[in-house]
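To start, the structure under review is shown below, and the notes come after it.
In order of appearance the chains are A, B and C, and numbering begins at 1 in each one.
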Amino acid sequence: MGVKKTDIVLLDDKGIRCDGRTIDQPRRIMIKAGVLKNANGSAYIEFGENKILAGVFGPRDVHPKHLANTDRGILRCRYHMQPYSVSERKNPAPSRREIEISKVIKEALEPAVMLENFPRTVVDVFIEILQADGGSRCAALDAAAVALADAGIPMRDMVSACAAGKVADTIVLDINNEEDQEGQADMPVALMPNLGKITLIQLDGVLTPQEYEKCIDTAVSGCKLVYEVQKNALRDKFFGDSAQ
Amino acid sequence: MDDIQRKYVIPGDVITTGPYRAEENVHLFGDKIIATSIGISEVFDSGVRVIPLTGRYLPRIDDFVIGIVKSHTSLSWELDINSCYAGILPASDVFGRDFDPKVDQLTSRLKTGDLVAARIANSDRSRDPLITISDRDLGKIEEGELIKIPPSKVPRLIGKRGSMIQTIENATKAIITIGQNGYVVVSSEDPDGLLKALDAIKMVEEQAHVPNLTERIQEMLGSNSE
Amino acid sequence: MTSAIIDDLKKKKITALLKDGQRIDGRALDEPRQITIDTGVIPKAEGSARVRLGDTEVVCGIKIQPDKPFPDLGDRGIFICTAEIMPLADPTVETGPPGEEVIELARVVDRGIRESGMIDLTQLVLQKNKTVIGIFVDNSVTDYDGNLFDACSYASVASILSCKIPKWEMKDDAPIKVDGQVIDPPITTLPVSVTMARIGDQILVDPNADEWGCMDARITITTNSAGNICAIQKGGTDGFTQEQLVKCGQISIATGAKIREIIKKVGGS
């Protein structure tokens, strides 16, 4: 991990983090469903300084045809960062990191998406990172799940994602960019909240077995908070003022 | 006389628990019945289902649909019917049973970009849906403007016993043909009437969930008249 | 390759055996296959190893050479770990640019070793901010029988443990190799990766190709010599419950410790 450039205090003795949050406080989350005209489903999310757009097409014909599955639909996912999304311009060509994250996000959504009734089709999920902050893959997943529901793709459950991490020897919820660079561990997690299944989990950094369990717990609680925001985004679009 | 309990649901919402039959757009998890689509859940008799408020058109036999010709082979046309699958219109449906691909050119009747009023003849998930245009009120659409709305809004555009569509047609003197797949063709000899009709359809699409919509549409159409 | 079709009868047999806690090759649920490690197999490389994990085979070679440091990281050497699957490893492997599976494999193997801090990169500086030592670890999968993650990881770790770093001296800002002198790599810990598959409710360690083809989900957990967890990657089209994840953590620590004893025996070629 990087050389310290500044003397950021990651956690002071009052339990306040470098951006003023407490250890179990997530950053600000805003989600809007149905923001694009042409995509079958879409969503826009702001999660901390992350600004991410997700669009879904499908189920639709698969091209090239040899990728089609005769028994069920397939899911394709592309996580892509805009060149202006990070401080040093990012080359627009897909990097190995983006390809891995695309795969990991697809595998986080697959358990939820029900494509058995759509053989020989594909559901395409396109995620564009307009501005990146720590935890962009979780935010991307949160938008993608809302976009899939917006498109009417049948889903067993929503998928809600949030990261937890270790900073100054303490497990904290939803680490930001500075905490990611200077902290000790980063664990993004995605959860199907009603079925209780974790569909994404990765870790960079060192955790003791006890910290490992606490980190999962903390991330899961973050996922449940995000789930409420996703629900409201969909209810606002479809049920308007008559939402219960 | 409503014995049906209804509520708004999104995927993952638990609608109810207990010994119910899982019908459309729900799945069973243990003893919980869970919604798989955004929509309105209904618990009736012994079954639970969700009426979806979004999603592409799912073809059903005998549905009236409007399609756009995308391409053709020597034996059939492929139509975009706003579904996961293209609609297939066999050449024999148009040329008759003694259709001969060497003699009868498909493009002489329908070419790419043509709009077609059709019916779903057959639909099972293992094949693309079959289309027919061999009835009197079906066939190539020669004039009008195509507008697309989500299939879930079609019932609202038609209205109870056609009340909404009649309101718009009467006020604008336009003829509106509504496909169950959400493709709608509007034609009128009066260009103003055409525009008013298109606006009205857009308004229905955007405010489908707002009560008293028919009155508001009437107001909007009335206030625009010369 | 993970999409290679497993015939239905085999799938049924695997699931039926698992209901009684048995595996198709007779192993216990938390038992890895036999691990064979040979080091020094590529004498021209500064370090190398061939690992057989069941019938999965990986050849790993390390090239060590001076390089420019990464910007902002001028006080440490470079460590880069890659992996590729050779077309001769399996009939379904295609030539051409790496697909998402291979990219994930390479990145997961790299992260497991990097996050553990196995190599003390601060010891690999020749001239701060200008010239450092680069350790390039490249894995080539030559035969596929499931679980490339662990095979590549063990091959990389064994190669690193047994490699010899040449000595360079700086003369007029250029590094000159001093022939005949080598130093041992600065090792701080021994990371061990343990990959587990979930099939139904059972967690299996080191899935072979058949098990890999019918698993619901997988997870790779790397632990260090202190028994702490330093990297995790979940994969596959399904998920895990929280309880299953805790159990996987425990298994990775216990099984990891046993495998560490095997890898430790590798030392000098």
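Rule of thumb we're sticking to: a residue touches a chain if its C-beta (ideal position, glycine included) is under 8 Å from a C-beta of that chain, and two chains touch if they have at least 3 such contacts.
For clarity, every value in this text was computed on a predicted model and none was experimentally measured.
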| item | value |
| --- | --- |
| Chains touching both chain B and chain C | A |
| Farthest-lying chain, centroid of Cα atoms versus that of chain A | B |
| Intercentroid distance (Cα basis), chain C paired with chain B, Å | 54 |
| Chain centre separation in whole Å, for chain C relative to chain A (CA means) | 27 |
| Centre-to-centre distance between chain B and chain A (centres being mean Cα positions), rounded to whole Å | 34 |
| Multi-partner residues of chain B (each touching 2 or more other chains) | none |
| Set of chain A residues in contact with two or more other chains | 192 |
| Chain B contact footprint on chain A (complex, rising order) | 40-41, 58-61, 73, 112, 114, 117-121, 149-158, 192-195, 231, 234-235, 238-240, 242-244 |
| In the complex with chain C, residue positions of chain A that touch it | 2-3, 5, 96-97, 99-100, 102-104, 107, 110-111, 187, 192, 196-209, 212-213, 216-217, 220 |
| Sites on chain C touched by chain A in the complex | 72-73, 75, 98, 100-101, 103-104, 106-107, 111, 115-117, 219, 224, 227-242, 245-246, 249-250, 253 |
| Complex interface listing, chain B residues touching chain A | 7-8, 10-14, 25, 27, 29, 32, 34, 36-38, 52-56, 84-86, 125-126, 152, 209-210 |
